[in-house]
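Please see the structure below; I have some questions.
The letters A, B and C name the chains in turn, as written, and every chain counts its residues from 1.
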Amino acid sequence: MPRPLRQHPDRLFPAEPNARAAARELYASVKALPILSPHGHTDPAWFATNEAFADPTDLLLAPDHYLYRMLYSQGVSLERLRVPAHGGVAMGDPREAWRTLAGHMYLFRGTPSALWLTHVFTEVFGLDVALSGETADLYYDTIAQALATDAFRPRALFERFNIEVLATTESPADSLNHHHAIRDSGWKGRVITAYRPDPVIDAEHEAFGASLERFAELTGQDVYDWAGYLEAHRIRRAAFAEAGATSTDHGHPTAATADLSPTDAEALFRDLIAGDVTPEKAELFRAQMLTEMAAMSLDDGLVMQIHPGSFRNHNRLLFEGYGRDKGADIPTRTDYVSALKPLLDRFGNDPRLSVIVFTLDETSYARELAPLAGHYPCLKLGPAWWFHDSPEGMRRFREQTTETAGFYNTVGFNDDTRAFLSIPARHDVARRVDCAFLGKLVAEHRLDIDEAGEVAADLAYNLPKRAYKL
Amino acid sequence: MPRPLRQHPDRLFPAEPNARAAARELYASVKALPILSPHGHTDPAWFATNEAFADPTDLLLAPDHYLYRMLYSQGVSLERLRVPAHGGVAMGDPREAWRTLAGHMYLFRGTPSALWLTHVFTEVFGLDVALSGETADLYYDTIAQALATDAFRPRALFERFNIEVLATTESPADSLNHHHAIRDSGWKGRVITAYRPDPVIDAEHEAFGASLERFAELTGQDVYDWAGYLEAHRIRRAAFAEAGATSTDHGHPTAATADLSPTDAEALFRDLIAGDVTPEKAELFRAQMLTEMAAMSLDDGLVMQIHPGSFRNHNRLLFEGYGRDKGADIPTRTDYVSALKPLLDRFGNDPRLSVIVFTLDETSYARELAPLAGHYPCLKLGPAWWFHDSPEGMRRFREQTTETAGFYNTVGFNDDTRAFLSIPARHDVARRVDCAFLGKLVAEHRLDIDEAGEVAADLAYNLPKRAYKL
Amino acid sequence: MPRPLRQHPDRLFPAEPNARAAARELYASVKALPILSPHGHTDPAWFATNEAFADPTDLLLAPDHYLYRMLYSQGVSLERLRVPAHGGVAMGDPREAWRTLAGHMYLFRGTPSALWLTHVFTEVFGLDVALSGETADLYYDTIAQALATDAFRPRALFERFNIEVLATTESPADSLNHHHAIRDSGWKGRVITAYRPDPVIDAEHEAFGASLERFAELTGQDVYDWAGYLEAHRIRRAAFAEAGATSTDHGHPTAATADLSPTDAEALFRDLIAGDVTPEKAELFRAQMLTEMAAMSLDDGLVMQIHPGSFRNHNRLLFEGYGRDKGADIPTRTDYVSALKPLLDRFGNDPRLSVIVFTLDETSYARELAPLAGHYPCLKLGPAWWFHDSPEGMRRFREQTTETAGFYNTVGFNDDTRAFLSIPARHDVARRVDCAFLGKLVAEHRLDIDEAGEVAADLAYNLPKRAYKL
């Protein structure tokens, strides 16, 4: 007899009745607001072609490193989960992979993945029993059947999910053809891009050389010359803005910025182009480029996002066998106070610039980021991110940033996901957790309910709209 | 129709009824205890001259960097807030500045500034509607009118606030004339000083040279000679003690201490005096001087306070334009384990020495500071400080220090403020948050209510009295 | 009139009634499960000889650095507490030492020591008034009287405590004679050892030379030769396994691992043996030996425990006067991401290896350890440890690790204690705190009660049994 599956209407609210009542009231006022998803990693090809999703495993398991990393940590091989080897294609039976997931669902107890999956299973597919070994085939068949219908094609789901804007992330070396196809199709869904220049900025990136070549092709610039390289950025930024982008995104190992003289910057660039790449030079160049990007943002108005602090591809064997983004990125201690100073010394007091900073090092919330964002006009705090995109993680974010930075130096929620179907689930969790936090403030007489209501709407909708210029 | 303003009698207590009832009972037993304010930055001239405060803006906004930093972070210029430029005087209409504050009050939702201001507005000025653009002039006029009356002069407020002792902080280069004037006036209010020698210890301080000159004048010593320099400290410490001081205060960038041989210490001092100042030498000298100060404390009994971990004047342009203490100090990661070892190796086991350590790096609470204070006889923990002087910050302090250091290696609350009118508000918040913490322990059967009552009184009154030898 | 002493049946559960009801239900289902104590520091001689414990002070106070460090921090000398000087024997009257403890019990308010002592006093000795100066003699006499009876001998208490397995910790230089005696005695209690090779691995350990000599004697190997040294480890590991050991334990200053070539490893070893010991070489050798130990674990199946991050013997004078383990070890900031990489690059993907990692740096829970354990097949997270073995510490552990690593990459509770009588108290606190955490998840509709029940039993019993191969 399978366990019933349902979502309690009061989930994630405080247990204490007064705080819960306040949270419930606040949530009721924001739950139906449209979704703004200004930062994410869905595939624009889905919306360009609007083809049906292949099967449950390829839609829900194979692209979701939150899921397969957990099973991998318990000794399940990636092959069994249909994660394709580097440069290869997914092997094995998708149904078998799904059964493997189903048999390990207990691993996700207490994790946000469990919350998100439950939302997808109940709200998107109407399932009402829990996923387990026993129900694996029922799930597989139900979901596969749904995916074959028009109502589950990408655009239909986009509309059903009440998404007002969805941003994807592309490299400057991307042609943006899917985005152009979306626009040319006449479909009214707003899918925009974001400018993520890491592959042409990070000389240690495995695709640096190839990306620069493509960068040159797409811009007609001599990108191996410092002036041409900068001009190529300007050209691609303009093309991205034309394709709807309102932001850039920078996923560096650290938050280091630099403000070299033009001569020194050019000399450094020449070294890297000449193949004289040391870790120190690569780091300094990434640092310098953040300041260059900030200068360009002052010209073209693109909002800057800095996402530092992940040790990418920590598992050597896995990286060699499966490539990047396979759940083996590990956060590291991250400094902001010294790291951001060169950029802030140059542009920090300019309210026309907007730099949204993220962290994987929660110790920086109260110690560094809230004090910085609570002072510098150009800085805003991105939401609890990645490993911290979770009820406890979001609670810590609010508890540790609000008292110094307030709510109005934050920018609402980012789902940052490749898992398209989980977008409504993720935004729902975020809205609930924010309302839970606000409800507690109300119940402890630290904030009036009417003010809390304004904050709830701002966090769910107004702040991301303003911060990302949507 | 303006929003009503009131303070709920149960504010800051847990929402859960049993914990709230315990908190309420505990708070009732401590709320009327006299205020001990052993560490702060009010201006002794106020109590020496007892002149009326100028206007609402100059009293409540211009000196409060908690307030103007938040508005500045949202693009409001400091000029509009009547913050004077470096070496200049406040410009512009104070009423206009007040209106600007009023129009941005929503920024403070969920912050301690909102709690403190509400307390000042309701308790001190009897206002009963919220501050907003609409009520800005009502506020301005009501407060200005009150300030013109004798009941709102500094000494009258001091008495009304039930302050038993108030410590200010002065440099060794200060003549202490205001403190002498207070004593000579015959007024019975106890306003004492504290010895803060940073300007004559920190060779990187912009006032180092000028402070040394004044240090020489006031002591008659050759302060450019190591023996004379140390003797000058002894002389000023004695003069401070004579003016009521029971403590010294040290606001260094790090917690580094050193225990150089007399020869090496003297050589280092000579280098600095000769203008051979490197960051390393300046840091080592500050480190050495903490140990020298500890040695003097063993002689004269002054309690030592170490306040490390702030990157002062982080915003270069703001520092150049407006000087220090303008809301642009940013906390940094701070080590205590290695940093304090030289001082502790020398004096750590001497229970006659009392060193109160503060931090802006909350990660050190459970990991470093509670274990150190829970072992070394000379060490005590200062309260949650500055950015962490807030309900969540104080809660984290208790949650992260109590289990290892207990309550009795802590020293009660410090308001650490320049905002005189907020002193009762700040102590009230601290008492409420401590009682909320204790109330939760009682409700979870981790502490008996009678023991909790003793702890509540100790935290509010007995511990600071003993720790600061008041 | 002494204060009554009792343990509330709902202690440590959330105050909110729904969460409390769930916690109570979960706890009821696990409270009677046998105790598995896979990591601790009790003395195997107790169970080998089964002699009566000497007196209350020598049993409860003198070996418990949690207790005497707190009194020491308040100026009570170790002599007064019968802590023996280095190489000496305990001096002074045990009853007087007990009275000193009794008079300072208020220092432990809000600490886990208070919880543990209350459990021991009420459950083990049946006392019903609180310990204070007034009741010190009553306590002393009651406990002394009980200890003289057969029911309070070590084996009787072991059985009464419902301990299924108890692991002690021995050096490779230990003959394991007590463990052999226990087995030869025919007593059915399962007391096993664990292999802690620090004294023969850490060239900076004060007993390094003597331990190596003994290591040679016990193994018949030339331990001053690299191959002989490694073989000696294999021989002692086998002997420990024979005496029941299922794990090794490594208490290094950092989590550094290394993977040197055999040639480089041998050269490094030779330097150390030749007395060419620098801090860097000692650190690198410890790092290399963790990887060597992992390789041996793959052969012999012993589970590896890494306990890094304590600055041992921080108080120089105390170390000189009293030796190690006197409450003067202070946690330090600890990196895992880079530190563990060499070992993980070599063995991280092998699910046959089991490495349990502990930390004293809570900042690594969410940032480093949960992401690492939530990915690498070989890694599991040890419980909240030492200073963090406390209600708030355990709560933070669950809140900060569960969302990324889940419950199933953790291994249940370790009591890690020298205080034998506190073992049931410590496991009871851990079970209550875990059930409180689960109860809150249930009350907030984040986990079903039936799933929570499975998790509660897994945390209390099944996970440690599996993780430690008991």
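Throughout what follows, a contact is a pair of C-beta atoms (placed from the backbone, for glycine too) under 8 Å apart; a residue touches a chain by one contact, two chains touch by 3 or more.
All values reported here derive from a predicted model rather than from experimental measurement.
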Original post:
Along the shortest chain of touching chains, how many steps lie between subunit A and subunit C?
Top reply: 1
Subject >> Interface numbering overlap (same over half, different under half) for subunit B and subunit C >> reply: different
Subject >> subunit B and subunit C: spacing of chain centres that average the CA atoms, whole Å >> reply: 40
**OP:** Send over the residues of subunit B in touch with two or more other chains.
**Re:** 14, 16, 363
Original post:
Contact residues on subunit A for subunit C in the complex?
Top reply: 3, 7-8, 10-16, 69-70, 72-75, 106-112, 115, 311, 314-318, 327-333, 360-363, 387-388, 390-393
Original post:
What does subunit C use to touch subunit A in their complex?
Top reply: 14, 16, 18-19, 335, 337-338, 341, 344-345, 348-349, 351, 363, 366-368, 370-377, 379, 399-400, 402-409, 440-441, 443-448, 450-451, 454-455
